[in-house]
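Two complexes are shown next, each including chain A; its partner changes from chain B in the first to chain C in the second.
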Partner chain A sequence: MSSVFTPAKLIVTLLALPALIIPAFALGYIVYQGSSVISWQFLTSSDALDGFGNSSGILGQLTGSLLLALGGCLIATPIALGAGLFYQLQANPRQRKLLESVLYLLQAIPPIVYGLFGLVLFVHLLAWGVSLLTGMLILAIVVLPALTLNTITSLQRIAPEYSEAARALGLSDSALVGRVWLRHARLELITGQLLAMARALSETAPILFTATVFSGVVWPESLLSPVTTLQTHIFYLAQEGGNPLAIQVAWGSALVLVASVALFSLLARKLKSIGEQ
Partner chain B sequence: MSTEAIHLHPPQTDEIAPGTLTVRDLHLQKEGKVILHNIDLNLPASGITTLIGPSGAGKSSLLRCINQLEKNWQGDVTLHHKNLCHWPGGDEQLRRHIGLIAQKPCVFPTSIFRNVVFGIQGFWRRRHAQHIAEHALRKAALWDEVKERLDSPASALSLGQQQRLCIARALAIQPRLLMLDEPTASLDPRSKQLIEHALLELAENIPLLLVTHDLQQAQRLGGHTNFMCDGKIIEKNISHVFFTQPQRVESKEFLRWSSCDCN
Partner chain C sequence: MLRLWLNTATLLCAASLLLIVTFLLYASSPIFAAQGLNFVVEQEWYPYEALFGLLPVLVGSLLSVGVAIALALPLGVAAALFNLEIIPKAAQSWLRLLMELMAGIPSVVYGLLGLWLLVPLLESQLNLLTGRTLFTAALLLAIMALPTIMVLSEDALRRVSREQRENAVTLGLNWWQQVCRILLPQAWPGIRLATLLALGRALGETVAVMLVVGSIDRIPEPFYNLLLPAQTFTSRIGREMGEAEIDSLHWAALMSSGLALMLISLIVVAPSLFWRSK
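Moving on, here comes the complex of A and B:
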């Protein structure tokens, strides 16, 4: 490659720079604003009874966010795996095409629509109310298309020679899946899980009116109890424009949320690189 | 070492009596294209039967049909007088009786030992896995090279060793018939020699059906040769007769130029 800096290279670089600079600036600003309130107490105490962000603990919100994301992923995983295995084992080309189209369509639906669906079906029709379970189910639906597509891609990347070799030894479909496919694809499947966790942690709209309350709750008493989450905590606090403490807590919560999402994303990236080796 | 220096003793095979594997009028069509047409084939109770022919002749497809990895073929194929299409226990059970070795060695990402016993099923056989693995590795002429490192990753073996490991893995499930699809195509002369030697020893007890592009190898291994072209078996005979006195023009052309026009 030539090291001469041509005008074309300059233009490409100038076009590419905003993609790095703008998110980096936003991230830097969140770190700058949020770091001033980050403390051990901030992370390990809760403000449920004080309410409206007047106290600075976010343990309840952090726990709620993680519980919702984890629950959503746990619900979505077996369904995504089942759909991926159906795609690989049984589906004919027409069914594969249809399944892919449906998954890409579902992925493109705005999460708020899933939230509305959850509000009607789970909160009102099934009378589960605003609850942890409802939120988990909604988040499972939100991450399901991406998780299924990741499962399909992971299974497709297994060299067909392994499947043929296993089949030639008389392995049944279930043995093939358990002993060959899942072992080969495990790193990529876990990577997909971590990315789904990151995605679920980033979602606010679908849980806003189906799973969360702003205060009055530290730990959900049961699956049918509401939770508080970092995402909705930031949403509510940001509307308290006249309260400097609330805004500071919002920045701190944002930093913790970004760090949580980044943690899962970076873990996924690390696993992917291990898998590629 | 030159492959010509190998001391081979091909098993004597006379006329083929139907019995082990019988293929009658096998026909395979894929996406409107005829892949196999009117295939008739008998395998003796032991010995090597080679399938030779130009690329695209249908040799590998025939193996895949017999192993039921390829479906939707028409015809009548029996193994020990049992129809393959109605095999008790289905295709999985059938494949436990018909080993298939691919051209490219494919070892699972686990230890050498676990690779050998990968296909072993059943409580009794799993209890004797150690003994079965040793027996299979000896048959595949690999035991002496790996007996001290059975727990090492199989991927650390050379390509030739990996191919012999694949043969051992297939033998560990005690197949009644072993099919090999160009098993030495990508191997060095030494590995080729070792595998050919192992195959000749195996052929004393079970029938082997071998696809090869290496005409010298087909001659060395003896047994019977079937020349395939354009989805059909053009000529079949005892190997030394086929290679010294081919009857069909297509066979003569192929033996001379390694290509032919069978349309």
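Moving on, here comes the complex of A and C:
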């Protein structure tokens, strides 16, 4: 690498600049607009719902988002873990290939299609309606492929000597899984969970007409009642063109949402770097 | 006990894929019964007059995604080269962190930015009647695709072996020649993968596109006039799904739009995911 700044490097730099400036500017703009609204009261109150969503606080929305994401991840975890262990413990090469294909295909399906599927099966055929439960199940399917693939790679990283030693000691399958594999892969498995939370928190389309309503709900009363979320709150408020207050609340909600997603992905990043040491 | 859990979990993964395809086919069957495959090439979409055609959104989606990737690919690869080759090592990880955070910003937030920053900007700068156009959607999709393309391209460039670089330097190739003859060709499979992944994501992007595309079911006239309101698969489904009556023809037509979107995404993205596993 030469240190001289040649015309070629200048061209690459000029081409690169929009790619660097626009995202930085966008992030800065969200922080700038959002921070003027955010206060302790904004985060912790849910009162003054006047029917147009102009509540002065977003506690209900924040809770709804977190509940949906957490529920989705909790539902997906045993399935992802089970399928990952199946892959590593007992699958033959053909089954492995098949499971991989299924996961890649699931990953390629756009989230809104999961929303349509949930609308047909959960909302109407099973008559669960627009509800928290429907949303959790849809988000579980959304995060399932990435979570399973993460389980598989985490298990593959465990040095084979551990498994061989465990086998030589005569450990059963369940002891091997419980005492050796899960213990060794735990940091990476938790990293996967955090990334899945970040993913579930950022999804809007699949829950838009299957789990959420715009207003009228602060706390969901049961699994079968609808919720409000930050994502859909932003979506509806953004379209309230004539109401400057609504747009302000939208920016504030956007900043809170971005911060929550970033929190989960930064935690995941931190854990990953601890695991690699 | 363990076996039962593992088998059930694996079967559930496979079942979810089958269930999705089955239920979408089931829900969209009325439209195929009524119109057959004519549905795909029909140009009109007026739910109240029972006219249902796929062509407007097919054109809208492909145009917006095509333009977005054409914009984002050169810029994203240049940014990856810039980060890897030009700026000092200490700054690299910071820039990468910024990009990874950007890649994680929820699409609805991009939608908010698009609607309240990009739309007014285009309206005033290009003197448009409305800033909600296919071009706005393409521009927003390009911005959303940039971090993904940059991060994955950088990974691909980083994997080019040091030996090859050293040989190139020994041969007296200058920086530009190294980039064009060694780095980019060697990293091309990875860059191609990044592009296809970004393309798939852009195709399925919903709320951001919905907010800025204008949502009018019309094929641009002439087809390269992107400065008109249009409709994509996702914006149509998102706009109308809430108001369609259950089991009506409108409902079925929206479901089949989703089915078509899924098929296109699978065709575009799945092969690239298989390459990655190798």
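Keep this in mind: the second predicted complex is superposed on the first by the 254 of 277 C-alpha atoms of A that agree within 3 Å, B and C clash if a C-alpha of one lies under 4 Å from a C-alpha of the other, contacts with A are read in each partner's own complex, and residues count from 1 in each chain.
Here, contacts are C-beta pairs under 8 Å (C-beta built on N, C-alpha and C of every residue); 3 or more make two chains touch, one makes a residue touch a chain.
From a predicted model like this one, the values you see are computed outputs, not experimental measurements.
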Sticking to the clash and touch definitions up top, decide whether chain B and chain C on chain A clash or fit.
-> fit
Partner chain(s) touched by A:6 [first = chain B, second = chain C, both, neither] = second
In the overlay, answer first, second, both or neither for which of chain B and chain C A:153 touches.
-> neither
Please name the chain, chain B or chain C, that touches the greater number of residues in chain A.
-> C
Would you check which partner chain A:44 touches, where first means chain B only, second means chain C only, and both and neither mean what they say?
-> neither
Now for A:35: first (chain B), second (chain C), both, or neither, which partner does it touch?
-> neither
Geometry row: CA centre of chain A as apex, chain B and chain C as ends, angle in degrees (steps of 10) is 110
Is A:161 in contact with chain B, with chain C, with both, or with neither (first, second, both, neither)?
-> first
Touching A:169, do we find chain B (first), chain C (second), both, or neither?
-> first
Applying the touch criterion given at the start, work out whether A:180 contacts chain B, chain C, both or neither, answering first, second, both or neither.
-> first
Report the closest approach of chain B and chain C over their C-alpha atoms in the superposed model, as a whole number of Å.
-> 16
Where on chain A do the contacts from chain B and from chain C line up?
-> none
Spell out the part of chain B that touches chain A in their complex, as residue ranges.
-> 67, 69, 92-96, 99-100, 102, 104, 106, 108-109, 118-119, 121, 166, 169-170, 173
Note: in the complex, chain A contacts chain C through residues 1-2, 6, 8-9, 12-13, 15-16, 18-20, 22-24, 26-27, 29-30, 78-83, 85-87, 89-91, 95, 98-117, 119-121, 124, 141, 144-145, 148, 173-174, 177, 198, 201-205, 208-209, 231-232, 234-235, 238-239, 247, 250-251, 254, 257-258, 261-262, 265-266, 269
Given the complex with chain A, which residues does chain C contribute to the contact?
-> 1-3, 5-10, 12-14, 16-17, 19-20, 23-24, 26-27, 74-76, 78-79, 81-83, 85-86, 95, 97-102, 104-113, 115-117, 143, 146-147, 150, 174-176, 179, 200, 203-207, 211, 234, 237-238, 241-242, 246, 254-255, 258, 261-262, 265-266, 268-270, 273-274, 277
Under the touch definition given earlier, write down the residues of chain A that touch chain B in their complex.
-> 159, 161-162, 164-172, 179-180, 183-184
